[in-house]
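Two complexes, one shared chain (chain A), two partners (chain B, chain C).
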Partner chain A sequence: MIPGVDGFMYPNEVELQWSLLIVLYPYITGLVAGAFILASLERVFKVEAVRPTYRLALLTALAFLLVAPLPLQLHLGHPERSIEMYLTPHRSSAMAMFGFVYLWYLTVVLLLEIWLEFRADIVRMAQTTKGLTRLVYKALTLGSENLSPAARRIDDKVGYAVTVIGIPSAFLLHGYVGFIFGSIKANPWWSSPLMPIVFLFSAMVSGIATVLLLYMASMKVKKMAIDMRCLDTIAKYLFYTFVIDFTLEMLDLIHRTYEADESFRSLDFMVHTRLWGSQVILQILLGTLVPLVLLAANQLWTFSEAKRRAMYVIACGLTLVGIFAMRWNVVIGGQLFSKSFLGYTTYKVEFAAREGLLAASALMLLPFVIFIVLVKLLPPWPERETT
Partner chain B sequence: MVLRRFLRDSGHLVRPAIVLLAAMGLFLVVRSAVIPKAFGQYGHYRPGALDAIRARPISFAGQDTCVACHDEQAKVRAAGKHAHVACEACHGPLAKHADDPTANVPKRPEVANLCRRCHEKDAAKPQGFPQVATVEHSAGMACNSCHQPHNPHL
Partner chain C sequence: MDISRRDLFTMGGKLLVLASVGASLEQITGAAPPTDAYRMAEHWWGMIIDVDKCIGCGNCARACSRENNVPSGYFRTWVERYEIEEGRPPHVESPNGALDGFPPSKREDVKSFYVPKLCNQCADSPCVQVCPVGATFVSPDGVVLVDETYCLGCRYCVQACPYGCRYLHPDKNTVDKCTLCYHRITKGLTTACCESCPTGARQLVDFKDPKDPVHEFLRHNKVQVLKPYMATQAKVYYKNLDGAVR
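On to the complex of A and B.
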């Protein structure tokens, strides 16, 4: 008997090829898209209340975007060859095209918007700092110190336009990740046109939750007052998107259950056995229903500020766990059952291996390190805005 | 006048555009420099890869070669159920050995894992294929203490 395998498993299905690192890829990309969409709320939809998190959200998006391709690189046996995806892209490869979506989003949308937003600060720093720091800021100004009101007005207009382009781009970025899974027709757990949309909304949920937590943490570290109106507004949007996200996921579930195609019994069995803990308990119960209840309670009743803060922290923390569990269930779950629908295998995360827990944890910490560096470089705090 | 003022006030926007264009230009230059000659001539790959692969040393000798020298094992094997299992399926690639038998004496296969690789019980295998749950079947004894590898019939 092959250990970990139950029933009928084709030989090439026994070992999972897409590991924990591939779980991180949609998770991190989702945080990028979510954070950016939150930022664009303020910019495009003029939601003034979330203003304090606008710049923070942009930097969060950048920090995670820079890390997004790394899990994929580490997963590859020959990461140095991944560059060939750009050099000689195969037009029929969804992954190769993702490379360009990624670059488009990084350069044309995110970097440009951040540059326009922070340009005034960059120029001021270039004029006030000294030594190496000054050089860095000088380089970041790209050689123009034009801060005339007219120039700033143009910046604002262009920034607006970039954000308007940015929203569909952010949708594309993460919808695309969903597409990569959803378009695999050989795998009934993945193959669903709803996949990109479900990915997108879960991305927004996780991104908003991350920004909210990072905002609270930053204020704590900076010993600055938390803007409760901002927090409440973000929590409200988190609630709305979460409701849509949950509805979509349930729609998918109901659709599958009612349609009950030839894969259903097998997948249903899997959810009740191998995925019970990660799907039903972590993803749906702890990761979705509990945060939803907490957020809904805040829409219905008014709690004291301290209570609200605690509730938001718990809700967002659980949300992030839940969305991670969702990515896990998609990526790992999709490889646990046999295409024969008669057998199941197991996945055991290694620890100190190339694709092990240690590497994954390091990759998950890296965006926060980058975030701290970015925040040092381009302080997003409102105190600076007044000058 | 208006146009000139507009150009002055939006002049800084040209800079990121230049950076982007420069990056794209650099990419195109690097791309044309590193893409192998005649890429895509036969398909989405480097035609030179065919020669590169052809030039690689051969690692399997093929069993006709083995049989030419190891008549004894060949006869034993031909008489049993492993008749259609190639020598190198168990012994691994031995082209070097076939070229110079005494300089490259091969190690014997590691029986503990060898037989299991093909005969471990698995519901996905055709029912007629001989398979055993090795742990129960041999209770830790080496398979070749009862079976003879070249003709496994007892």
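On to the complex of A and C.
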């Protein structure tokens, strides 16, 4: 009897190959994609009400995107060879695309859009600050200091075009992460054409919830008034996106249950035992149904501002827990059962190991540190408050 | 430059001496003549396994482990014991991959048999498909191999293998698997597992060799591959494989 194993596992299956760090990877890229799509609401779809969060959403996306490859890098058996994915990518591999999708998204979409959006501010800072700060801003202007109305119009037009390109790119970034899992025919828990689209909508849900929380927290720290119209609009979009996300996930569940193929009994047992806490309680009940009820209530009834704020904080906090649980259930759940469908293994998170809780916590804190640096460097608040 | 007939004969003579010295040297040093060299394009390796012949002794697993320095707790090949009671899910076990054989079965009223497992050397291999750098590949002679100097250790291939044949080597931090004893078969030897099997349950076969007994075997027996619905073009064929085996 092998400790932690119930039933029969192929001998090499007992040890899980993809750890907590691989749970972080889709979680973080999801936050990036979701935050960017929220930003594009204002820019492309002209939803003026969410304007106060536009710049904040872009910086959030960048902070998380910079961290996105780190869990993968830390997970590799030979991190020093990761450059080979750029030099000799294997064209039939879904994973080989990661480097290119990432670089495209980082440089062509996000950095360019942020630079165009903040260029005028950067130039002004370069002119008004002194010493080392001035040098930093001077470098960030990239030599482009023309702030004439004609130049600003060009910034705006190019920025718009970049955002238009950015929306499918954000879809690609996260839909592709879903494809990495969804295309593994050996694993019935992952293998589903719905996987990319489920990942995409859950990404939007988590990204929107993050920006909403960061906006509220930033306003609190800056002692600025929260724009309730903005908050209500974001919450409305969060609700709609969440309904689509939940529908897709339920469609997947119903389809699996109704089809009840060879793997069903094994997976069903796993959900009722090893994944009961993380899937049924955390993901579905606390992470989906409770936030959905809170958000739906706000669509049906009018509450006071204080109550709405509290409801949004609870809904968004739980949403983030729920989406994390969803990533956990996909990545870890997909490795707990045997491909023989005859047994189950256990995953215990180590603490101070290379892929342990400590490293994962540090990686989850890092985007917030980067975010603080970014908002110091490029204040996303309205101009009058920054002075 | 004018070359006289005398010069031509002298030059020809020197060349002849040089060539014969070269040929004798080759004989002395034992270098194989090119015609006998191993040519990958002339082979297409696989294995046939007769389930009824396997006695679960674990010789194959032990021989493989020794031959390939397989790290403890991981397996390039292993043996499973199936015990099937009518109307119930099968009871399967493979204690330590059968490195120490099997304890006597406690059940006599069940259908019981042994199934040796190894990499299925798939021609349409899902592990090869997903490797982001092409570190794992199907060799021209049909063996799925891993270039350990190139593997990133991302383990996407481990996830993609439907048969659980791959693992991360704990010392090398690269993925490891059965190579069908490539270092042996390219020298005209059989695999360590086949060589050590006392009943001949496992046989290395070469599908491109018209004289290989595999052709006779496939013509006269009902055979099956593992998980045929995975459509991986597996090249390990099982004779008398029970439908319950996964």
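The working rule: the second predicted complex is superposed on the first by the 383 of 387 C-alpha atoms of A that agree within 3 Å, B and C clash if a C-alpha of one lies under 4 Å from a C-alpha of the other, contacts with A are read in each partner's own complex, and residues count from 1 in each chain.
We adopt the following convention: a contact is a pair of C-beta atoms (placed from the backbone, for glycine too) under 8 Å apart; a residue touches a chain by one contact, two chains touch by 3 or more.
Keep in mind that this is a model prediction, so the values were computed, not measured.
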Fit or clash between chain C and chain B when superposed on chain A: clash
Touching partner for A:F8 - first (chain B), second (chain C), both, neither: both
Partner chain in contact with A:S148 - chain B first, chain C second, else both or neither: first
Touched partner set for A:H90, first chain B, second chain C, both or neither: both
Partner chain in contact with A:K185 - chain B first, chain C second, else both or neither: second
Partner chain in contact with A:V158 - chain B first, chain C second, else both or neither: first
First, second, both or neither for A:V108, with chain B first and chain C second: first
First (chain B), second (chain C), both or neither touched by A:E305: neither
Touched partner set for A:L76, first chain B, second chain C, both or neither: second
Overlapping segment of chain C (options 24-32, 96-104, 150-158 or 168-176) - the one that collides with chain B in the superposed model: 96-104
Touching both chain C and chain B, counted on chain A across the two superposed complexes: 8-11, 88, 90, 338, 340, 342
Contacting residues of chain B [partner chain A, same complex]: 5-6, 8-13, 15-16, 19-20, 23, 27, 31, 34-35, 39-40, 44, 120-124, 133, 135
Residue ranges of chain C touching chain A (in the complex, touch as defined): 74-75, 78, 80, 89-94, 96-97, 117, 126, 128-134, 150-156, 158-168, 172-175, 230, 246
Touching residues on chain A, where the partner in the complex is chain B: 1-2, 5, 7-11, 86-88, 90, 107-108, 111-112, 115, 119, 142-144, 146, 148, 150-151, 153-155, 158, 338, 340, 342-343
Touching residues on chain A, where the partner in the complex is chain C: 8-13, 15, 17-18, 72, 75-78, 81-82, 84-85, 88-90, 92-96, 98, 180, 184-187, 334-335, 338-342
